[in-house]
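In order of appearance the chains are A, B, C and D, and numbering begins at 1 in each one.
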Amino acid sequence: MSELESTAGPVRVLVWGENRHEQLQPEVAKIYPEGMHNTIRQGIEENLGHKAKVTTATLDDPEHGLTEEVLSATDVLVWWGHAAHAEVADEVVERVHAHVLAGMGLLVLHSGHWSKIFGKLMGTSCTLRWRSERDREIVWTVDPTHPIAQGVPHPFIIPEQEMYGEFFDIPAPDELVFLSSFSGGEVFRSGCTFKRGFGKIFFFSPGDQDYPVYHHKDVRRVIANGVEWARTERPERTSPVLLRYETEDFYNGHGYKGAMQN
Amino acid sequence: MSELESTAGPVRVLVWGENRHEQLQPEVAKIYPEGMHNTIRQGIEENLGHKAKVTTATLDDPEHGLTEEVLSATDVLVWWGHAAHAEVADEVVERVHAHVLAGMGLLVLHSGHWSKIFGKLMGTSCTLRWRSERDREIVWTVDPTHPIAQGVPHPFIIPEQEMYGEFFDIPAPDELVFLSSFSGGEVFRSGCTFKRGFGKIFFFSPGDQDYPVYHHKDVRRVIANGVEWARTERPERTSPVLLRYETEDFYNGHGYKGAMQN
Amino acid sequence: MSELESTAGPVRVLVWGENRHEQLQPEVAKIYPEGMHNTIRQGIEENLGHKAKVTTATLDDPEHGLTEEVLSATDVLVWWGHAAHAEVADEVVERVHAHVLAGMGLLVLHSGHWSKIFGKLMGTSCTLRWRSERDREIVWTVDPTHPIAQGVPHPFIIPEQEMYGEFFDIPAPDELVFLSSFSGGEVFRSGCTFKRGFGKIFFFSPGDQDYPVYHHKDVRRVIANGVEWARTERPERTSPVLLRYETEDFYNGHGYKGAMQN
Amino acid sequence: MSELESTAGPVRVLVWGENRHEQLQPEVAKIYPEGMHNTIRQGIEENLGHKAKVTTATLDDPEHGLTEEVLSATDVLVWWGHAAHAEVADEVVERVHAHVLAGMGLLVLHSGHWSKIFGKLMGTSCTLRWRSERDREIVWTVDPTHPIAQGVPHPFIIPEQEMYGEFFDIPAPDELVFLSSFSGGEVFRSGCTFKRGFGKIFFFSPGDQDYPVYHHKDVRRVIANGVEWARTERPERTSPVLLRYETEDFYNGHGYKGAMQN
């Protein structure tokens, strides 16, 4: 009797933070004294315990802390950026993109909607409407059996938060997990999943440098759920390929030697 | 530090088989001497081991073996029927339907496409084209990160099988996991997931009384994967409800007392 | 040179109204003196002009005005009901269901979410949360290229309306066109499309007997857009069928003579 | 009484062809003596007549014939490329991408699956399996009410064609219209729709330089249907934007002055 193997060991999570607001704005540093990436990391550890091994990296690390070696050892990358999207090197974006298509999970948080990596994966402008005026955000579950929605009340309430509103220019998500309303009357598709290549992506909009959202119990739980969900189900990390297959040979594709390589 | 609780204990699976062909047709009994339901059960046990507790029930059991008590103790119901769909009591179909909406998982296999319960959950005719002439079926994965697709080759091949072809009158599935081709040239959406209410449904078309498909290693693995996937993520079994909520009271809905109850 | 034929002639629309509140409640009759069905009819005529031929029927007509003859001459049925869902005869529901699967378009408005026909097509409980306390409803477009969303502002605002909120127990819609927020903070998937069989279905939640919503310019435009969208693209009205096809004969299916007919 | 305006005038179609095989390979020139782009153009004209105004452009035109002026006057762009994807200037790809997000329709044909523009819009590798060995391709409709599927038999058969097979690395399409099987046993999602920004995209795989597929009556009809479908429903061509909105001012967004512009 053989049993289904499950993906072995704790999920290896890398929380990437831009880490600029915390350095430049005392009011942000007050909310996130160890940096937003560390607060996010703690929220994941708090919920996943020994089931996760969480590290961090920031924009100002060499290669933004996102070397080939680091990414190869990462199951799920969590991305927070805002003021310095343009400073992320294109070469690193290409590298992260290749890893996502090959099976690395990706969580994109809040203002990461306008990061290079999210735009590259979505193919759209990822624009939206916004206002930072201490709106109350109410987060509603519309996919109650989804693993990402477990363990949080329906709805959960964020007392003060930046407003993100529709139209949000993304592809129709594979799964719509959460919808948010704001006290000003706007709505937003605040929890969306996508698959791209062999990678799983979760976009979750709550979270901002000006509000203590990453200290919010339910937000932390959702991010931890998202990390568990985004780990790929495939045992190996390989890229989708273009191969020629002989008739009746379904398994041994031959490397393409066509015009694209020239 | 608190950790995410996972759904505790082995998944409780009930394999329901019509069990008529095996009684009436010696050629079927030869392929499935213990009944198709037992062959399906063994395939799940072989793959899930101690992670599942599998029992069986058949059409000719009292209430078809699908009492309120039995369903309440079932996490995932696996359904195979063909010649006697019409003999399944409407009352039992209502009961199974209510349990699916409240969170019981459901796997519908092959000719179960035309069962009362599948039609009731889909809302469509569930018709298709067919031919039982020993076509070769090739099953291709189109959602390679899906948990149901793990552990089987891409593609996997069923040497002889009944042909099921498009147009298959179902709602567009939430996820399309497998596509099949047949040696006669037909195609079929052979692995489809749906969510209805709080329940998860997986339709998987390979399998027939006239071919030894439920002895096929990869088919057995997919069914076992489907069982694991279909277990609901919600901790309790409750039904969706229609309730009135006061302004600013998001959590204490009041029982509806409207026209529908009269 | 041949050109693509378009579906000829005006769309034949039947607006079905329960027509009970208007008879029993003076405050409703004041808002809808000719009955809600006639107000809805006028909104469609106002927008579609000679492109539509609109008639009405009500619950108290013989066979609810939904005879085989009437349905056969209807391209799109618009459904409003609320207090008397249970009085709609099952036989008529079966008839409407068969016509939808065979290609008749269907618009389900507001409290029609709990009609027998909508539940039968969805396969779910179609429950939701609600409150009739003069909330402001704001309707946001999340699919801006959809034909149903053309010609209305983003967002459009309904000053006073019944609140419908999530979780709304429906299958994930094929297309999510509108999201609504309410002044109490709730959100709702207020414009959803579904295909079932050969029929197209549009659910649109704004509209209630206690508020003058069907006099609202933008609501009228959306309903008219929905009518145009829901007309089937297929030239004939036929039902999906289950047929056997010989190998290499892709076009001449043979009538099924199996167990279901016995 | 006002009536719904329809998008005025004939659809302005631009067929873009790489036009290299036809110049370099006599066997291709024999099948497509006027160039593949002209055969595709003729197929659209044959089906749409006065409802379309079709022009062509090729890789070796200045700016590949895809200037800002040309794209601004194009409702739907049809793209065929194969051997020289890499020669398409990145600047032109950016321009086409911006027009698609702003509302220009796009049809991507066959080997265009690996074009820069399709990859940029999808965000994935768009790889697949292939073999050019005169397989018979059978194209099955799985969305029978879709406008793109009207007027062609179910199935339609292409006697000889290059095989394209799964896994095709694309995002799950918004709508799956066609599935193909090949005589070698492979399957392919051969007709897929996507929305990106305000633009509509149809990918259709039949068609190759080595086979006379663009002379095939049903293939021509599908492409013409696709052209009609891909025309945007929005009256103007504008890009999605990121704007700040004051509380209670839903309509007058203010230009973003944030970090991204620095």
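Note that a residue touches a chain if its C-beta (ideal position, glycine included) is under 8 Å from a C-beta of that chain, and two chains touch if they have at least 3 such contacts.
Just so it is clear, the structure is predicted and the values come from calculations on it, not from any experiment.
In this structure, the chain pairs B-C and A-C differ in their number of contacting C-beta pairs, and the larger number is found at B-C. Taking the mean of the C-alpha atoms as each chain's centre, subunit B and subunit C sit 30 Å apart.
Averaged Cα coordinates give subunit A a centre that lies 38 Å from the centre of subunit C. Among the residues of subunit A, those touching two or more other chains are numbered 138, 143-144, 155, 165, 167, 172, 174-175, 185-186, 195, 250. Taken chain by chain, the contacts link every pair, so each chain touches all the others.
Every residue of subunit C that touches subunit B in the complex is listed here, in rising order: 82-86, 101, 114, 120-125, 127-131, 133, 135, 163, 165, 167, 169, 171-172, 174, 184-186, 194-197, 239-248, 250, 253, 258-260, 262.
Against subunit C, in their complex, subunit D makes its touches with residues 1-4, 45-51, 103, 138, 143-147, 149-151, 153, 155, 157, 174-175, 195, 198-200, 224-225, 228, 232-235, 250-251. Listing the residues of subunit C that touch subunit A in their complex gives 136, 138, 140-144, 154, 165-168, 172, 175-176, 179-183, 185-187, 189.
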